[in-house]
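Below you will find the structure I want to go over with you.
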Amino acid sequence: MLALSDYIFYFLAFTAFFSACSVILVQNPIYSALFLASTMVAVAAIFVSLDAGFVAGVQLIVYAGAVMVLFVMVLMLFDLKHDLDAFSPGILSGAFKLASVGVILGLIMGSIYMSADMVFNSQVTPIPATLDPVRGLATTLFGNYLFAFEVIGALLLVIAIGAVTLSRVRGGTHAND
Amino acid sequence: MPMTDVFLKVGLNHYLFLSALLFTVGMLGVLLRKNVIVILMSIELMLNAVNITFIAFNRFQQPEQYNGQVMVFFVMTIAAAEAAVGLALAVMIFKKFKQVNIRFFEHLKG
Amino acid sequence: MTSVLPVIVLFFLVVAFGAGILFIASFLGPKKSPNPAKDMPYECGIPGTEAPDSKINVKFYLTAILFIIFDIEIIFMYPWAITFLDYIKKGEGAYIMGAMGVFVLLFIFGLFWEVKSKALDWD
Amino acid sequence: MGADKFEISVNLIKMAVIFLMMIQIVPILVWVERRGSAFIQNRFGPNRVGPLGLMQLLADAVKFLFKEEFLPKKGVALLYYAAPVMALVPGALALASLPLSPTIHIEPFHLFGQLWAGVDGKGYDFAFQGFSINVGIVYVLGISSLGAYSLLMAGWGSSNKYSLMGALRASAQMISYELALGLSLVGILMIYGTLSFGDMMKMQEAALTYGFFGQKFTIPFLPDWGIFHNPIGMLLFASASFAECNRLPFDLPEAEGELVAGFHTEYGGFKMLLFYIGEYGHMLVASALLAIFYFGGYNIPQWLMTLLPVNHIPGNLGAILFALLAHVVLLTKIIFFLWVFIWVRWTLPRFRYDQLMDLGWKTMLPWALVNVILTALWIFCAQG
């Protein structure tokens, strides 16, 4: 019998997959962005069901709350409603692309299936209640990954400067600078 | 393991299958769509799929360690940074050509 | 694994409430009477004029980009904040302060640069 | 959701009650706002329908239900109708995760000829809370950040340039102040060392204690509330939440004089009311967070606590009475902050948009950083 958590997984997985497909099939990019946001929320819910609550929260704040809002804002600001020929032209190249994606999907699925015996054994072990997940995450982040963390800080600084500089290149509203 | 159990007992494999599906959908989007912004969105989709894999492996293989979650943290950061720069580029293209076709990226010089 | 279920249930409850209310209201209200003035975009009662090619204000999307970047930096401070006391009690306070100190310095430098370069100025 | 039928039904009822609380508070707040503004401006306000004009809210709701259904001619129907419904979601989902009372332990009891004792036979634990998410504040911030979609969908769906402009302004404002809001919380999180609301409130139960290089100084007549440890953070958080709720003096998104009416220009009837419910839900969440983080949540000062007779009633009844009292205390604080929201609205003038953005980015964000650094140094000194 399916347990309750399995129903939840299938529901969330279906939501994520359905909205992901809609992202690439819908003509209007604004709808694409909204569907992608719903995929992100479904993925965040999947994270919660995998006991990664903090990462789920970050997913909501960063992806659903910031990145997708940026996408939606850009699409609305520039009025990109009319995206008539949404797909790249060419039947032959299209078929080729589809086929290559199919091959890759087959390979991934096959490899997952082949290793099924290896990973199927790993049943869910409940996390001990004494462990505070966020504490553990923080200790790992500031322990083993400290260097990566500082590099991320530097990267974000570079991105902040780069994005502003990019938006200043001639032709923008900053042409008078 | 009999085949009927495959659907009845959700385990690590199901999360990996979901991740593979989402990744493929994102890849299709990158290959098939012309709109730069939709392509960027498809890339975000692929990164999300990867994140599911990280979290699922973390939960099922090392439930008392947090390496997978920290990785997801970093992936999200990189994804957001990539989206920020990508959109800045897309806006530049739009201002120049009044369209956000991926074709126009080759005209961006200096 | 089911801790997300109540959130989903409440979400559907809220959506059902909102959609239901709108559905009921659409029955109770009078039917739509066609009227050219009513169909026009509302502009304080003045006959509406469509904006020709409204000027794109890049500020909005620039703000959103900067928001994303600073938001991530703030999110990184949360796990730091809640383990800060633990590290100090372990006697590793200088280590954790230094770890975040470098990060915060980069943050401050970024913010300072954005203010200096007038990227945050609205006319 | 729960282990047996009793727990599941109690949890469902709690969830529904909290959602209804959010909806019910709207007409009351609208009434308070109108009467309050009249009081502040030396007018009467609504006073015809019912005693003190209290029935005005019922009349309003009925009127809204019977308004004409309207869709702008060029509007995008799906987004136009989805926006007001989505406006309800962030407030309701965030409010349900806040614990509005301490956890009550219900001993095993007999009902319907059956022993109800929970999974482990030790009884049940309930708090007046829709559901408990162990990352507390991160979940609330994440859910509230989804609020921008509703605005953008409304602005785009009604296909009116004023709506779109209002929506863009609103979302730009929301995300700008979300930074200051998020950063101002870092200081208080450092002090509590936890993300869960329940633990935070437990830490504020005792008398006020400051530490200084390993020494402890206790002030017995004051409670150990967050505001005494982190006053700058509290000021920043309070003003950022005004902006998050799009309230005056930060209500630029709906500035009537400049933008017609903002993102809900083309909305009327109950759709408009749903936006209001969302906005007041946001206010409710902001007030509750303010109370939980900085004003002790459901705690009252300890010396006051010992005077109350509720502590001495044994059994399930005592537990329930105690939780009810705590709930009333928290509710009183929330209502006080809601009144502050309304009070400020009728006192302060509105900012200009550039002033608003400058305040968010160039004043509040640096001050929030300063707060983080100062708090870190303070804790460092306190622990020695």
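By written order: A, B, C and D. Residues from 1 in each chain.
Basically, a contact is a pair of C-beta atoms (placed from the backbone, for glycine too) under 8 Å apart; a residue touches a chain by one contact, two chains touch by 3 or more.
Worth saying up front: this structure is predicted, and the values here are computed from it rather than measured.
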| item | value |
| --- | --- |
| Chain occupying the most central position, where position means C-alpha average | C |
| For subunit C paired with subunit D, centre-to-centre distance based on mean C-alpha positions, whole Å | 16 |
| Separation of subunit A from subunit B, taking each centre as the mean of its C-alpha atoms, in whole Å | 5 |
| Chain centre separation in whole Å, for subunit D relative to subunit A (CA means) | 29 |
| Subunit B-subunit C separation of Cα centroids, rounded to whole Å | 21 |
| Junction residues of subunit D - those touching two or more other chains | 133-134, 138, 168, 172, 175, 178, 182, 195 |
| In subunit A, residues with contacts to at least two other chains | 5, 48, 50-51, 53-54, 58-59, 61-62, 65-67, 69-70, 73-74, 77-78, 124, 133-134, 137, 139, 141, 152, 156, 159, 163, 167, 172 |
| Junction residues of subunit C, two or more chains touched | 2-3, 5, 7, 56, 58-61, 64-65, 67-72, 75-76, 78, 82-83, 86, 107, 114 |
| Chain pairs in mutual contact under the definition given at the outset | A-B, A-C, A-D, B-C, C-D |
| Residues on subunit A engaged by subunit C in the complex (per definition of touch) | 4-5, 8, 11-12, 45, 48-51, 53-54, 58, 61-62, 65-67, 69-70, 73-74, 77-78, 124, 134-135, 137-139, 141-142, 146, 149-150, 152-154, 156-157, 159-161, 163-164, 167, 172-174 |
| Residues on subunit C engaged by subunit A in the complex (per definition of touch) | 1-5, 7-8, 55-62, 64-73, 75-76, 78-80, 82-83, 86-87, 96, 99, 102-103, 106-107, 109-110, 113-114, 117, 119 |
| Touching residues on subunit A, where the partner in the complex is subunit B | 1-2, 5-6, 9-10, 13, 16-17, 20-21, 23-24, 29, 32-33, 36, 39-40, 43, 46-47, 50-52, 54-55, 58-59, 62-63, 66-67, 70-71, 74-75, 78, 80, 83, 85-88, 94, 97-98, 100-101, 104-105, 108-109, 112-113, 116-117, 119-120, 122-125, 127-128, 131, 133, 136-137, 139-141, 144-145, 148, 152, 155-156, 159, 162-163, 166-167, 169, 171-172 |
| Partner subunit D, residues of subunit C touching it in the complex | 2-3, 5-7, 9-11, 13-15, 17-19, 21-22, 24-26, 28-33, 38-44, 50-51, 54, 59-60, 63-64, 67, 70-71, 74-75, 77-78, 81-86, 88-89, 93, 97, 100, 104, 107-108, 111, 114-115, 120-123 |
| Subunit D residues within the subunit C interface of the complex | 1, 11-12, 15-16, 19, 23, 64-74, 81, 84-85, 88-89, 92-93, 96, 130-134, 138, 159-162, 168, 172, 175-176, 178-179, 182-183, 186-187, 189-190, 192-195, 260, 265-266, 269-271, 274, 353-354, 357-358, 361-362, 365-366, 369, 372-373, 376, 379-380, 383 |
